[in-house]
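Common to both upcoming complexes is subunit A, partnered first by subunit B, then by subunit C.
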Partner chain A sequence: MKVLSLNFLTCAVKTCKTQSDSYPLHPKDAELVQDDIELNEAFLINLLPRIDWKALSTTATELGFPALPSTPPTPEDLRADAKTLRDLHNLLLETQMVEGKLVCASCGHEYAVREGIANFLLPSHLV
Partner chain B sequence: MLPTPDTSHVAYERVYEPAEDSFLLLDTLSSPSETSFLQTRFYVSPASGTPTPPEPLVVEIGPGSGVVIAFVTAHASTLLGTRNILTGAVDMNAYACAATTETVRRAVTSNPATASMAFLGAVQGDLVSPLRDHSVDVLIFNPPYVPTAQLPSREELPDGGRIDTENAFDEDSYLLSLSYAGGQDGMETTDRLLDSLPRVLSDRGCAYVLLCAQNKPEEVKERARCLGGGTWKVETVGLSGNQAGWEKLQIIRICREM
Partner chain C sequence: MSRPEDTLSADIHYNDTEARKYTTSSRIQNIQASMAERALELLDLKSPSLILDVGCGSGLSGEILSAVPPDEGGPHIWIGMDIAPSMLDVALQRDVEGDLMLADIGQGVPFRAGTFDAAISISAIQWLCNAESSDISPMGRLSRFFDGLYASLKRGGRAVCQFYPKNDEQKKMITGAAVKAGFGAGLLEDDPETKNVKYYLVLTVGGGSLEEKGGDITGVVKGMDDVDILDSRIQKKSGKGELKKGSKAWIIHKKEQMERKGKVVKATSKYTGRKRRIAF
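Coming up: the complex of A and B.
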């Protein structure tokens, strides 16, 4: 699963949906692999408006990536800054989490990730 | 006809094999009227001078073999006007998640000129429960639509619900039954999905849902219109060729007013 997917995933427990600390989920013992994907500037620029930047910054730091700028770069910033573009491309699209856990800070539930597939099925007492 | 994704690697004893319903989804999503709808809703040509809207996220719930979401991912620019889309999938069945990932990988490799490079992955889960509020722009759902006395339950297994390797046959039949058994009117799972649409669809979101005649499609459509307080548009956008049988199929498109 791409690191970008963590920006769209949240705890599956119903009562966590309204808890702000249920998002983003926190990677634990994460094993990462890198794909080699062609960089597409227009894609990244148009992706930014739909990214939750604060959540992405948390994810990046927790996965051991360098800290992201405190505010999202503007399209002009990105067009002028090849390094930031390259770093974002690498983090969001080329990096896959293949093993580990995703932890909800609200309820503490740990979702296992195996062979790149996170398991969001809940044990019956949590449904 | 756009090429159908290769699913020859999929183990059909535990993952739903592409069938008439899957192919109706492919035909509908690639029909001129739907590609025109999708492109109008989600894509603006850079040549028009208007800013391009953010990339749409297309998610299939219950992809099984992955043939449908692989088709959308591989033919992104043909269907949505641009390769710049995000795709993903959620399935209850871990084997289906793995099969989907491989089907998408193969389809993208075979269609490099039209494919999206941003398949986020397949996660194991119950319908849209792992997805963030208002995150999905296009949702695709080929539900378990066959009317059955009850929904499959792990508790019905002879040893009280525990799955182990000695129970592999039970597990396989459980996993396959998840893909077709729909409970009352074949609608128990689809009803849950419909109820979650206001939460999960974005402001420009829409959903393609497959129904069979026994699901009472006209009633379902009326109910879907009421999801957004009566403002949502619901239309039949695909019909299967076999209109004689009780199992005749249709695809409805549910969309928020923009």
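Coming up: the complex of A and C.
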């Protein structure tokens, strides 16, 4: 799973739908890889307003990255500053969680991640 | 023709052998590619977008999204959901660019509200009409899916689902569930009344930029042929328009279909060697 996806995934358990701490899911025993992906500036600028910066900061810290700036960059920042753009691209698109678990802080459910694929199948009583 | 949907669950039908056979068949590759391109055309995206691929399988549909060049508004970034581990395995081996999840769309769509610009689904959602072994009805699974899909799309977003309905009843059941979830819905038929007929459920979420442009679903499919418009707000179904055989519009339509069919799109993987590193 890309860090990008971690910024949007929520716990799938029924009783967690209304629980605010069911997002973001928390990486545990995470093994990361860095992929080489072509920079897509237009995509990042499109996506930026939808990024939950607070959740992204939490995830980044939990994955062992240095702390993010306290406020998100603006689209103008991304256009003007190549380094900010690169950094964001690297974190969101090139960083993949390949092994480990994603844990819900509300219900404690652990979603396994293997070979980069998160398993969101739930036993039917949890849906 | 027998339909595997009638007897098996998708994760059982798409086992290792079937997943490999499916993905390596050049006939299937071409069909899936042309349907994904058609869906993309209906989505009408203007800039690189975040797209959900519902029932992404081995990535034949998703790689069309990754392959859209910048001058055509791409490339798009996609996240795929699929219930069959063997299909996802093949996707991994093929190094597709999308992010993959093992998930049952009949259980919902676990993303926060307004995540995606758009969604596509190619040849997958008819599987929801089968209750399988579960204790939940097809109607229940369909509404979990469409309710979840609706919430996960941003306002003004769109989804296009190509599917293979078994009969009219399934067509109604699927379209009805989408409308009930709040979507504006249109059902588009390509190659109507032939054995190659293809159904595209075109779904829109109100609000956002789409409405500003003055077009909800009626705008999207206005002037298109063979479109049924279903709308939860007006609760009425418009008649189906058909192109007169031999008319100019009919010929253009056929020509475009032929062009689409002849086209094979090969996506080149942008992945290079993977460097592993342990966190913490």
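Here, the second predicted complex is superposed on the first by the 123 of 127 C-alpha atoms of A that agree within 3 Å, B and C clash if a C-alpha of one lies under 4 Å from a C-alpha of the other, contacts with A are read in each partner's own complex, and residues count from 1 in each chain.
Quick note on the criterion: a contact is a pair of C-beta atoms (placed from the backbone, for glycine too) under 8 Å apart; a residue touches a chain by one contact, two chains touch by 3 or more.
These figures come from a predicted structure and were not determined experimentally.
Novice: For A:G64, is the partner it touches subunit B (first), subunit C (second), both, or none of the two (neither)?
Specialist: second
Novice: Looking at A:L85, would you say it contacts subunit B, subunit C, both, or neither? Reply first, second, both or neither.
Specialist: A:L85: touches no partner chain.
Novice: Check whether A:L93 is in contact with subunit B, with subunit C, with both or with neither, and answer first, second, both or neither.
Specialist: both
Novice: Looking at the overlay, does A:S5 come into contact with subunit B only (first), subunit C only (second), both, or neither?
Specialist: both
Novice: Which partner chains sit in contact with A:L56 here, subunit B, subunit C, both or neither? Use first/second/both/neither.
Specialist: After superposing on A, A:L56 lies clear of both subunit B and subunit C.
Novice: On the A-aligned overlay, A:L32 touches which partner chain: subunit B = first, subunit C = second, or both, or neither?
Specialist: second
Novice: On the A-aligned overlay, A:V103 touches which partner chain: subunit B = first, subunit C = second, or both, or neither?
Specialist: After superposition on chain A, A:V103 lies in contact with neither partner.
Novice: Find the residues of subunit A that appear in the contact set with subunit B and again in the contact set with subunit C.
Specialist: 1-2, 4-5, 8-10, 12, 23, 37-38, 40, 42-43, 46-47, 50, 93, 115-122, 127
Novice: Which of the residues in subunit C come into contact with subunit A in the complex?
Specialist: It is residues 47-50, 70, 75-77, 79, 81, 83, 88, 92, 97, 99-104, 107-108, 110-112, 114-115, 117, 134-136, 144, 154, 270-272, 274-280 of subunit C that touch subunit A.
Novice: Where on subunit A is subunit C touching in the complex?
Specialist: Residues 1-2, 4-5, 8-12, 23, 27, 30-38, 40, 42-43, 46-47, 50, 52, 63-64, 93, 98, 115-122, 124, 127.
Novice: Which of the residues in subunit A come into contact with subunit B in the complex?
Specialist: On the subunit A side, the touching residues are 1-2, 4-5, 7-10, 12, 14, 17, 23, 37-38, 40, 42-43, 46-50, 93, 96, 115-122, 127.
Novice: Using the touch rule from the top, collect the residues of subunit B that touch subunit A in their complex.
Specialist: Answer in residue numbers: 46, 52-55, 57, 83-84, 86, 88, 90, 92, 94, 97-98, 101, 117-126, 129-133, 135, 199.
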